[in-house]
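Read from first to last, the chains carry the letters A, B, C and D; within each, the first residue is number 1.
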Amino acid sequence: MSLIPAALATATALAGAGALAGCALPYRQRVPVVGVLTAGVGAGGCTAGAAALSGSRWSAAFPGLLPLAGAHVAVDALAGLFMAVAGAVVVAVAVYGIGYAAGHGAHGLGSHSAQAVLPLFALTLVLVPVAASVSTFLALWEVMALASLLLVLAEHRERVSVRQAGIWYAVMTHLGLVLLLAGFALFAAQTGGETFAALRAGAHTVSPAVRGLVFVLVMLAFASKAGAVPLHAWLPRAHPEAPSPVSALMSAAMVNLGIYGLVRTGFDLLGGGPAWWWLGLIAVGGASAVYGILQAAMASDLKRLLAYSTSENIGLVLIGVGASGLFAAYGNRPLAALALAAALLHVVNHAAFKALLFCAAGAVLRATGLRDLDRMGGLRAPMPVTAGLFALGALGAVALPPGNGFVSEWLLLQSLIHGLAVPGVAVAVVLPLSVALIALSAGIAAAVFVKALGVGFFARPRSTQAAAAKEAPRLMLAAMALLGAGCAALALVPGLLGDGLDRAVDAVGLPGSGAVSDGGLKVRLTDVSATLSPLWVAAALTTALALAVGLPRLYGRRRRRVNARLWDCGGGAPTPRMAYTATSFAEPLQRVFDDVLAPEQDVDVTPVRESAYLVERVRFQHRVPDRIEHRLYEPVLRSLAGAGQAARRLAGGSVHLYLGYGFAGLVVLLLILAVGW
Amino acid sequence: MNGGLYTQLLDLACGLFLLAAVLVLWVRELAVIVRIFALQGIALAALAVLLGAHEQRWDLIGVGIGIGLLRAGVLPYLMRRALAAITADRQRYGTAVAESRETQPLVNVAASLLTAALLTLLAYAVARPLTELNPTPATRALPVGLAVVLIGFFVLVTRRRALAQVVGFLLLDNGITATAFLATSGVPLIVELGVSFDVLLAVLVLQILTTRMREAFGTTDIDDLRELHD
Amino acid sequence: MSPTASALLLTAPAAAPLLVAGAYTLSGARARPPAAAFAAVFTQARKRASAQGSVLVQQALVPTTTRRKRYPTDWVALVSPAVILTCGSLLAADVVADGPRTAYSGLLRADALTVWMLLVIGTVALIACGSAPVYLRGEREAGRASEWTVRRYHVLVQAFLAAMCLAVLTANLGVLWVAIEATTIVTAFLVGHRHTRTSVEAAWKYVVICSAGIALAFLGTVLIYYAARQAGITEAWALDWPTLVAHADRLDPAVTRLGITLIVLGFGAKAGLVPLHAWLPDAHSQAPAPVSALMSGVLLSVAFTAILRYRVIADAALGTGFTRVLLAAIALLTLALAAGLLLAQRDYKRMLAYSSMEHMSLIALATAIGSPLALSAALLHVAGHGLAKSVAFCASGRILQLTGTTRMGRVRGLIARTPSLGGAFGLAAVALMAFPPFSLFASELGIARAGFAAGTGLSWVTAAALLLVLLAFAALAARTARMLLGTGTPAHESSSAVWPLALGLAACAALGVATGPLTDLLHAAAHAIGGQ
Amino acid sequence: MNAVGYTAVAGQIVAVTAGAPLLTGWMRQVRARLEGRAGAGVLQPWRDARKLLRKEPITPAGTGPAFRAAPALLVATTVVTAALVPLLSTDTPVSGHADLIVVVSLIALGTLALALAGLDTGTAFGGMGASREMTVAALVEPTILLSVFALSIPAGTTNIPAIVTGAVDEPARLASPAGLLAVAALAVAVLAETGRIPVDNPSTHLELTMIHEAMVLEYAGPDLALVELGAQMRLTLLLGLLSSLFVPWGIATTGSWAALAVALVLLAAKLVLLGAVLAAAEVFWAKVRLFRVPELLAGSFLLALLAVTASYFLTGAS
C-alpha cells in the first residue's frame, strides 16, 4: 500500500516549498501561496490518515537521519485517526489563514518568519503520530513545540503580553520535554532498544515500579501538552496571545497529540497497567474538566474562555482514557474498548467545534480588535454568518443534542454507567463521581457558551468597535463553513467514523467495540442495550419546531410583527450599558464556587475632604486569579529568583575568591586521595 | 661522589628549597621576596646539577644550569624591573612603600605559616605512594616539591600585590620542576624547553599587565580588581 | 598516502596560521607611518565631527573615508581556516579508511578524534574570521581600533589558531600541555586588547587562574610520566599517547590516580569546569567578539580533548570507576553553578559564557558515562556547541556595536531593529537551548539515553542534570526573548555581517538532521577515546 | 400493533400539549381553594392562551432571531421529549431512538434557548434571569444524571421503556432505598427545572427573586403564549416522567387499544394527584433565597449519589 508514504512525502515536499515561499515571496503573494501549500500539507496528512483508518499500515526506517539514533516511522489506525484529524483541521485553518493574514499587514502572521514556520508547524502536526522510535518522536515533538512557539510569538510587536506568554509556553513545554525524555530514556534503557517495536516487546520484562515511574513521568508530560490541570498554565496564556489561526491549530490539533502520546504509551507500548495508573489519570481528567470550565465561566476574554474550555474537554477525554485503562486493568476489555472509542470520538468532535469556535473568535477579533466579551455585543447584526457558525460550534461545545459534542459525551456516559458491571470498590466509588463531574462540567459549559454567544453576539453593541464591526471576508467564511459542515456531519451521522474508530481501538490491543456503526444512523452499544440515533432526534426537533412555529400563525389573526420599545420601567429607554456583561453573567456561578475560585476584590472609597460621609470616588477592583498558579507556580518562581540572587555572590569578582575555589578543590581532592580512595 | 654525601647535599638543597618557599610567606618587603625567590632558583638549579652529577648525565647538568640562569637570573631581574617601574613615579606621592610591600595579606603571616605547615603535612601524605613506587633518596624528597606547589598556590590565593601573586605562580612552577627532577630527573628536553619558554612568556605577560594595571587603577592591589562580577 | 604527504597534511594546519601571522607581522614592519597617522587623524576628525555635528566636516570626511574605505587585509585571515578545513577533510577520508597517521617520529599524530577536532576548529575559525572584518570595521569607525591594534589582533588570532591545531595534532602529552598553555599566553592580550580597567582586570584573572590551573595539569603530566618511566617505558616514548594507552595497564594505580586528578583539575580550568572556572565569564565578556567565539567555541573543547585522551589511560590503569565519579561530580557542580548564575544574569555576553559552562558540563557528563553512544554524543555536542556558540558570540559583538551596551535590560526589540542580526542571534539561542533541528538536541538526547542506560547512580545524575538544564533553558529563554522581541526602529545591517552566521547555523542544523559522511568519522573518534 | 404504537406516541404528545394548561389550571384552583379563594377555574390557562394567540406579535427594539425562535424551540423540545417518554405505552416505535440522557438533554436545550432569548433582549432583567437560570440549570445537571445513573443500574440500561417495564415486572426495585432516594433527588431536580417553589415563584414579578419570569419579561402576544405553554408542558411532562418512573403501573406494556385507554385514564389520574400534592405543598412552603438554592441542589445531589452507591452495594451489581 503505497498511498500513505506517497501522501506523506507530498505533504513534506509541500511544507518545504511553503517554508521557502514564506521566506522568499513578497507579502502580496506570500500569504495566499503559503496558505495554499499549507492546505496541501493538511490534505496530504488527511489522505494518509484516512488510508490508515481504512486499514492499511506502513512502516519504514531511515538510519541516515537523526544522528546517533536513526529515524523510524510507522503508521497504524491510531496514528491515522490523529493524522486525519490534524490534516482536516489544517486544511480548513490554512484557508482561513489566507483571509486572516491578508488584511493584517506584513507583520504578525503575515511576516516572513511566521509564514515560513506555518507550513512546518502543519507538517509536524501531521507527522508526530508517524514517529515509531523514541528519538524520532521526541525530535518531531520538539520541532512542533518550536514551530508553535515561534507562531505564538508572531505578534510580539503588538503586545508585550505576547512575550510573557511565549516565555511561559517555552518553559512549560521544555518541562514537558524533560519529563518525557526522562520517562522514555528510562523505558528505553530498561528494554534495551529505542524503537517502539523494541519497547513494546520488552515492556513486560520491566519491573512494575519502573513501569509505574515511566507512566507517571510520561503522563505528566503529555498532560501538560494537552493542557490538563495542574500543568495547564501555558494554555490560557499562549492560546489567546497567538494569532487566531494558530490558536485554532494549537487547540484543535496540537493538544490532541498529548492524548495520542498518552494512549500510545499507556496502552500500546506499556501494554496497560495496574488500576492506580488509571485512577490517577481519571483524577487529573476530572480536575481539569471542572477547573477548566469554571475558569472559562469566569473568563471575559473570549479566546481565554475558549482555551479553558479546551482544558475542560481534554479533561473529559482523559476521564474516558482513564476509564478505559481501568476497565482493561479489571479485565473487561469490551467495555474498555467502548470507553476508549468514546474518548477518541470526543477528540475528533472537540477538534471540529473548537477549531470553528477559534476561527469565529478570530473573525471577531479581526473585525473589531476585541477579545473582551464585556465590550462586544450585538455582533449578530453586522456579522450574521460568523455569529451563526459560532452558535453551531457552541452547540457542539455544550454537549446537547443535536450538537456533535453530545454524541461522544453520551458514549462516554454510557461506558461509565455500564462500568459498574466491573468489580472493585475503587470503580464503584470513582465512576459515579466521574459521571457527576462530567455532568457538572456539561452544565457549566452550557452556562459558559450561553454567556459567550448571548453576551458576545446578541443584545446591543457595548463599544464603538463592536458597533463598527464588518463581516469577515469570504475566504474565512468559507473555511469556517467547512468546519461547520464537519461539525454537522459528526453530529448527525457519527457512524461514518465507526469502522475507523474500531480499527484505532484495535491498534492498541483492545477489541473494536462496534459501538458507533449502522451506517452512521445509529449509535448502538452491542453488549449493553442503549441506542441513540442523532439523525432521528434532529429530524424530530425540526418537525416539532416547524409545527410550533406554524400552528400559532394559523390560529392567530394578525401575522405582521410590529416593533415596540423595550419595557423600561417607565424611565427612559434602557441603554446598552444596562445590559448584562460577561462578568455580571458569571457572578452567581462565582458566588456558588467561591471556595474553589477564591476571587479577589477590593473597594476603596475616597470621601471628599470636608466630611467622611460624602463619597467623592469609589474604586472597585475584582479579579478571579488562576488559583493553581497562585499556589503552585508562584512559590517556585520566587524561590528560583532567590536562588539566582544568592548565586550571584559566587561570582563576586575577587581574584582571590576565584583562586580560592581552585585551592580548596585541590586540597579537598588531595585529602580524599591521601586518606585513601 | 659517594651516596652519603649525595644524599646529604640533596636533602640540603631540598631543605633550602622548602625554606625559601616558607620565607616568601614570612616577609612583607616585595624586594626581599624577589631575592628569596632567586635563592630558591639557585637551590633548584643545585638540585638538578646534583642529580645530573649523580647519574653522570651532562645534559641534565646543562638543563640545571639553564634553569638556574632562568629562575635565579632572568625572572628575578624582570620582577625587579617591574617593581622599579611600579615604585618609580610613586616616590613623590610617598605611596612607594605601600606599593612595594605586601602590607596586609588576606591571611596574616602567623596563620599563613601554620597553613604552610599543614600543607607540608598534606604533601607528605599525598606523596606516600610516589615514594613507595621507587624508594630512592631523590623520590624520598618528593614531598618537598609537592609542598612547595601547595605553598605557591597558597601565596597565589592570599597575597594582594600583583608581584606577590607572580611570585606565588613561580613558586608553584618551581615546585613542579623540582618534583619533575626528583621523580624522574627531568621531563624530556623538548617539553622542558617548552615549559621554561611558557613560564618566561607568562611572567612577561604578567609584568606588562602589572604596569597596565598601575596605569588603569593607580595601584597593583589585586583586591581592587572587582569591576567584573555578576 | 605517502608519508611525506601525510606529514604535510599534519603540519599544514598548525603551520599555515603561523605563516599568515608572519605575513601580518611583516606587513606591519613595512607599514607606512602615514597609515597609522591617517587613522589617528581620521578618528580625531570623526570625533570632532560627531562632537559638533557639523554637516560640513562630515561631508568633507565621509565620502573619502568611512563608507568607501575597504580593508582587504582583514580577509587574508580566512586563509588559515580554509587550510585547516582542507587538511581536515583530506585526513578524514584517510584516517577513516586506514587508521591513524603519524609524522616526525610520532610527534604529530592524526587519529579520528584529531580530525574531528580539526574540522570543528576550522569551521568555527571560518565563522570567527569571516565575521571579523565587519566587526573590525565597526571598531575602526568607532575609533576604538587603530591599524596597529588591528594588525596585532590578526597576528595573535592566527597564533591562537596555530596553538590549538598543534594541541589536537600532537601525540606527545608534554607538547599538548605546552600548546594549551601557549593558547593562554597568546589570548591574554586579545582579552586585554583595550587598556580599560575592565579589560586589564579580565586579562589578569584569565592569565593567573589559567596559568595556575594549567600548572597543576603539568604536575599531573609529570606524575604520569613518572609512572610510565617506572612501568619501564623509555624516556622518548613515556609521554607518547599511543604508547601510554598500550601499556596503561602497567602504570602504578596510586600515582596515576593522583596524576589524573591533577590533570582533570588543570585542564578543567581551561575547559571552564569547576573549580577553576571563574576566569571564563570575565574573559569572554571582555575579549573581541570573534575571539570570544573562538575561545568559547573551540578553546574549551580543545582543552577538554586533553582530558578525553588522559581518561583513556586512566580507565585502562584504574578501571572506569574513578574518573567517572570525578567527572560526574565536577560536571554536576559546574552545571548547577552555571544554571544558578544564568538565573539572575544581566549581561548577555556573560550569559553566553555561562551557557558555555553549561554545555561543557554536559560534555563532561557524557565523558563520565563513557559508553560509545555517550562519547559520540559528547563529540557531536562539541561540534554543535562550537558552531552555535560562535554564531551567538559574533552576533553579540555586532549587537554591542549597535547598541553600545552589554546590559540586557537596555537592549530591546532587536528583531524589529535588525531582522537578520536579531534572527541569527535568536536562532543561535534556540540552538543553544537544544531545540531540533539543531544538532545539540540530538547530542543531548543521546547523552540522556546513555545516562539512563548506565546504571542507577548515573541515571540519577542524568535526571538532576536534566532538571538543571531546564533551569538554564528557562533563564536563557526569558533573557533572550526580552532582548529580541518588541518594537524598535529599523537599522541597516550589511549582508557581509550575516553570511558567516547563516553558514554556522546551517551547518549546526545540518549536523542535527544527518551527520552524513561524518558518521563514520564520529564513531571512529568515539572509538579512539575508549568507546569500544 | 404498530398503529397502536403510533397512536400511543400521538396520544402522549396530545395529552401533554392539551393537558398542560388544564393541569396548571387545576393546580391554581387547588391552591386558591386551600388559600380560601374562589379561583379562576380550571380552564383559565386555556382562555389566557387563546387571548394571547389572537394578539399581534411584538418584536421589542434591538432583539434578534434568537428572541423570536426561542419560544418555538422550547415547545418543540418538550414535544419531542413527550414523544420519547413512555407516558402511555412502553413499546412505541420511537422509543428505540433515544434514552433518558437524551430526554434530559433536550429539556436542558429548551432552558438554554430561553436563556439566550433573555440575553438577546439586552435588558438588565433578561440578563439577570438568564444568568440565574443557567446557574441553577448547571447545578441541577449532576443531580439529574446521577438519578438516571441510579435508575439505570438495576435495569442495566438507560433506555426508559426498559427501565419502566423492569419496574413494572419487579416492583421491589421501587421500594428499595436506592429507588426512594432517586425519587427524592429527581423530585427536587424537577422542581428546579420547572421553576416552582421553593426554587422560583412562577407567580411573582419581584426582580430580586424572580428567575424564569425575568427572562421572558419582554415577551407578549403569541410568543408569550408559546412560552407559557412551553413552561406548562415541561411541568406536565416532568411530572409524567416521575409518575411513569416511580408509579409505572397501568402503563401499557403491550400494544392493545384497551391497555392504551386504561393507561390514558391512569395517567390523567396520576397527574391530577401529583398536581394537587404539589399545589398543596406550595401553599405551605416559602421560596428560599436565591443563594440558598445551591444548598438545596447540593442536598439533592447527595441523595442521588447515595442512591447510586446504595443501588450498587445493596443490589450487589457486581
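The rule is short, and it goes like this: a contact is a pair of C-beta atoms (placed from the backbone, for glycine too) under 8 Å apart; a residue touches a chain by one contact, two chains touch by 3 or more.
In this text the structure is predicted, and so the values were computed from the model without any measurement.
Of all chains shown, the one whose average CA position lies nearest the global CA mean is A. Set against one another, A-B and A-D show the most C-beta pairs in contact at A-D. Compared with subunit D, the chain whose C-alpha mean position is the greatest distance off is B. Centre-to-centre separation between subunit A and subunit B, using Cα means, comes to 69 Å. If you average the CA atoms of subunit A and of subunit D, the two centres end up 36 Å from each other.
Centre-to-centre separation between subunit B and subunit D, using Cα means, comes to 101 Å. Centroid to centroid, with C-alpha atoms defining each point, subunit C and subunit D lie 79 Å apart.
Of all residues in subunit B, those touching 2 or more other chains are 126, 153, 156, 165, 222, 225, 227-228, 230, listed in ascending order.
With touch defined as above, residues shared between interfaces to two or more other chains in subunit C number as follows: 204-205, 208, 212, 258, 281, 341, 344.
Across the assembly, subunit D contributes no residue that touches 2 or more other chains.
Under the contact rule stated at the top, the pairs of chains that touch are A-B, A-C, A-D, B-C. By the touch criterion stated above, subunit C contacts subunit B in their complex at residues 172, 174-175, 177-178, 181-182, 184-185, 188-189, 192, 195-198, 200-205, 207-208, 211-212, 215, 218-219, 221-223, 225-227, 229-230, 235-236, 238-239, 252, 254-255, 258, 281-282, 285-286, 341, 344-347, 350.
Contact residues of subunit A toward subunit C in the complex are 64-69, 112-113, 134-135, 138-139, 142-143, 145-146, 153, 156-157, 160, 162-163, 166-167, 170-171, 174-175, 178, 181-182, 185-186, 188-189, 194, 640-641, 643-648, 650-651, 655, 657-659, 661-662, 664-666, 669-670, 673, 677.
Put simply, subunit B touches subunit A in their complex at residues 106, 119, 122, 125-126, 128, 150, 153-154, 156-158, 160, 165, 222-223, 225-230.
Listed in rising order, the residues of subunit D touching subunit A in the complex are 53-62, 64-66, 68, 71-73, 75-77, 79-80, 83, 94, 96-99, 101-102, 105-106, 108-109, 112, 115-116, 118-128, 130-132, 134-135, 137-142, 144-146, 148-149, 152-153, 156-159, 162, 217-218, 220-222, 225-226, 290-291, 294, 301, 305, 308-309, 312-313, 317-318.
Partner subunit D is touched in their complex by these residues of subunit A: 377-378, 380-381, 398-401, 406, 410, 413-414, 417-418, 420-421, 423, 428-429, 432, 435-440, 442-444, 446-447, 450-451, 453-455, 458-460, 528-533, 536-537, 540-541, 544-545, 547-549, 552-553, 555-567, 573-574, 576, 578-580, 584-589, 591-592.
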